[in-house]
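Letters A, B and C mark the chains as written, and numbering starts fresh at 1 in each.
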Amino acid sequence: MTPRAPWHPWAMLGPTLGLLAVFFLVPIGVAAYESLFSWDMLTPPRFVGAANYVAIAAHGELFHIALRTTGFSAIVVAGTMTLGLGLALIVDRPGRFFAWVRASVFSAYVVSWVAVALLWMWMLDGNGGIVGRALHGSPLGDLRWALPALAVVAVWKLTGYAMIVFLAGLQSIPPSLYEAAALDGVGMWGRLRHVTLPLLAPTAAFVATTSLVTSFQAFDVVRIMTQGGPARATELFVYAIYEQVFLDLSVGRASALTVVFFVLLLALATVQLRAWRAREGEGR
Amino acid sequence: MTSRRWVRALRAALASVALGAWIFPYAWMVVTSFKTLPEIMSRPTAPFARHLDFGAYREVFAAMPVGRYTAVTAVMALAIAFAQIALALPAGYALAKLRFVGRRTAFGVVLACLLVPAQATFVPVFLMFAKVRLVNTMAALVLPFAASALGTFLVRQALLAVPDEIVEAARMDGASEWTIVYRIVAPMVRPTLVSLFLVSFVFHYSDYFWPLVMTTDDSVRTLPLGVALLREQGTGVRWNIVMAGNVVLSAPVLALFAAVQRHLLRGTR
Amino acid sequence: MIARRALLRASAALALAGCAPRSRAVREDGRVVVTFWYAYGDLVRKVMLDLVSRFNASQSRVLVRAVHQGDYFEALAKLRTALAAGAAPTLSHVVLEVVPYLARAGVLEALDGYDDARAIPFVPALGQRGSFSGADNEPLVAIPFNRSTPIVFANARVLEEEGVDVPRTWEELADAARRLTRRTAGGDVRWGFEVPISWWYWVAMVGQAGGRIVEPDGRITLGADAGVEAIRFWQRLAMDRVMRPPPGRDYQAWQSSNESFLQGRIAMMWSSTAYVRYLEDNATFPVVAAPLPRHVRASVPTGGTMFVVLRAAPDEEKLAAWEFVRWMCDAGQTIAWSTRTGYMPVTLPAVERLGPWYARHPNDRVAYDQLAHATPWPWSPELFRIDRDIVEPRLEDAVLGGRDARELLREALAEARRPA
């Protein structure tokens, strides 16, 4: 429809576009700009060109951060996908009991990351935690197990979302397909393999990419549970940026990390958008 | 058939395991919050508290102004949720219903912002707020989220399904665009608005990251930050107090969730 | 619907009206309000808040409002960002290593001209002048608050059972750790020794090995050979599996050690004198404190924090803050502070008055006696960066990851010499 006055659309879009530009688009430019300076916020900034990028790439620091974040994300995605799908298949039943199971798994997704992180810190505590004592010490202090431990916590929190999405996907599969397969004599597992899983593929792709992007942006668990330790073993991307600016007061380096992080996210998000469109295409 | 029964039993067993794995931590959190510290140190795995000791809760309320933090957090989350709806409606309407030059670009801008998370913008935004001396204020907590790219996108999608005739009829009745957007079209996409509101409210209520970055003292400190500070360093973490704080933090959200979950987690066929 | 939304947005806008920086002092009931950002938890926090309320009750000119900001490093991070954002408090307290940096950045108020500032009879090693070397010409910007040294805590019962004496040298420490470590069949371990893998303790060992972090002429050496030796000693203990590095970063590691000690899982540990009261009160066995062992010589750094007044605050608030700081340095207060925690009293008269107390609580005086061997910090603005950015992360690498100490320090030196 035509707008009643030419300025109408812009009045309607103005605040939104303005705020979005100021808080989402402009900052990327600012980050790129700041990444060329060395600044500790207390003394005047100094132009250093590409030195910040060189610094973060030195000693493989950037590479290790990216590697850790990717490793963390991989565990989280694999975990949420398998658990999410498995749980969706299990709880896709009527009745109060299964409703309870669905609700309790999803409730972890709803509460704050602070709550989940503190709760698991307690459970993993080497001295008094239920899990920590069984493991003879908190995995959070172990160089090899700290990052996987954080990933497990993230899986515990995020699986609920995957489960819900898979449930929706399951419910969109027409029952007639199952009936037809049953008539053809296909057993339960066969139906799973030949009807359910293929039709869930776009949903799975959606869940995978959403989990990937979410886990790539992980911060709260690191900040609360390990603060990047031990010996940087859990220093993920966003935490590294946070540390650079708020603990080391190195705005230039933090900005350089931000720029790299954003570029990586763009790549991931393009994959996500493509998967989303595929899902939309297949129909919900 | 036996195999059917076997499958049913397996399903029930696995579901129970899942129920346990997700409920047990909360139960443990609550149990711990009612213990005393010596109890925790001496018998950490005791399944129940010896008596219901409210000492930990008293400490939580003594250690931080729970009421004030909760109020600040709620006001912030409400302001964000309301602002997002208030802005997404006209924006989504313009993108869905009006034809004008630059519409595709505007939509492109919205989509582009979907790709930029807060974790990528926080440093520059912090610097921007620092320059205008608005760090550690409500403005820094609310303004960056007042417009939601995702919200605008979803409202637009929902509005695409609203028939144009309704808008035309309203226009012919002499309704202003303002009225059309907020009074006529809005109720038609109520489910989208409600879920947008809820998701936004819960997300920002529970948000730890942004308030952590944007606040420097406790004048606009939010509840998640306050609870996180309970794990005080130095002489020994008092887990009963931390867990009590956790209960205080999670209970409202869980209660809200319990109230609406029936609509969210629709059952099966 | 609309009216409600509009109302909400209006009130949000009112709240959004934010705060501009203050040029005039904040007053409440006619009293000048001093915001004091502090960074303690638990027991020490209670003592702190108790003293603050005593001060507030004792006079009606100043109201100190204490705001808790987490641990030392969280609080420092918030302080620095608040300074950058123009939202800083009037008074805070910071670790010694960062004082030169803040002084050079020009954010600290010079206190020389304030009443009695130069007259307070500080224990020489604890005041600004004595705590730093090369700072004689610097203006007075830091007043000692909670001051500490690292000390040894030992489980007296376990030591007696095993017939081991508190070690006085590095070799005795390695030997004692070995003899005190016990492993059960079930996989539980009582460790002979534990120490948080942290800068403070490393600096102590560098001093004991005869080295210096920064030479008097300003050159950063990170202890040279002594630095390497210190790390290698830790690595050896860890490899021999008689020392366990506690999990957690910064103070999480310290509190983990304390907990393990109280539970009898470690026989000896290095920690801060700040925990004397806490450990004595909560242990089910007699706790013995002792000075750190010597190697080539005896040496300990001092620790804890110093009060700092921020220059950007309004003058009236700064004067009010000074009133509080000076009150805290009075014998009555510093004695209360020390006896209830384990930190050292900061003035000489207070030390004298504590004679009888020390006689009854020998653990309390270990830190004070150790001051005879206290090594001052170099007054270097790079010190904090060297500590947090460069050395601390690498220490864990070395002890937990087994990296070569010399290579690690060479890397650290290269980074330290690069401009920030």
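One rule holds for everything that comes next: a residue touches a chain if its C-beta (ideal position, glycine included) is under 8 Å from a C-beta of that chain, and two chains touch if they have at least 3 such contacts.
Predicted model only: the values in this text are computed from it and were never measured.
If the chains shown are joined wherever they touch, the resulting network links each chain directly to all the rest. Distance from chain B peaks, on a Cα-centroid basis, for C. For this pair, chain A with chain B, the centres built from the Cα atoms lie 16 Å apart. Chain B and chain C have Cα centroids separated by 38 Å.
Counting partners per residue, chain C has 81, 84, 250, 252, 259, 263 as the residues that reach two or more other chains. Across the assembly, chain B contributes 41, 126, 130, 143, 237 as residues in contact with two or more other chains. Across the assembly, chain A contributes 41, 127, 246 as residues in contact with two or more other chains.
Listing the residues of chain C that touch chain B in their complex gives 1-2, 5, 8-9, 12, 15-16, 18-21, 35, 37, 40-45, 67-71, 78-79, 81-82, 84-89, 250-252, 254-255, 258-259, 262-263, 274-275, 278.
Residues of chain B that touch chain C in their complex: 41, 63-64, 75, 78-79, 82-83, 85-86, 126, 129-130, 133-140, 142-143, 182-183, 186, 216-219, 229, 232-238. By the touch criterion stated above, chain A contacts chain B in their complex at residues 1-4, 6, 8-9, 11-13, 15-28, 30-31, 34, 41, 86-87, 90-94, 97-108, 110-115, 118-123, 125, 127-130, 133, 156, 160, 164, 167, 170-171, 175, 188, 217, 219-220, 223-224, 238, 241-242, 245-246, 251, 254-255, 258, 261-262, 265-266, 269. Interface of chain A with chain C (complex): residues 38, 40-43, 59, 126-127, 136-138, 140-143, 226-232, 246-250.
Touching chain A in their complex are the following residues of chain C: 73, 77, 80-81, 83-84, 105, 107, 187-188, 245-250, 252, 256, 259-260, 263, 385, 388-389, 393, 396-397, 400-401, 411, 419-420.
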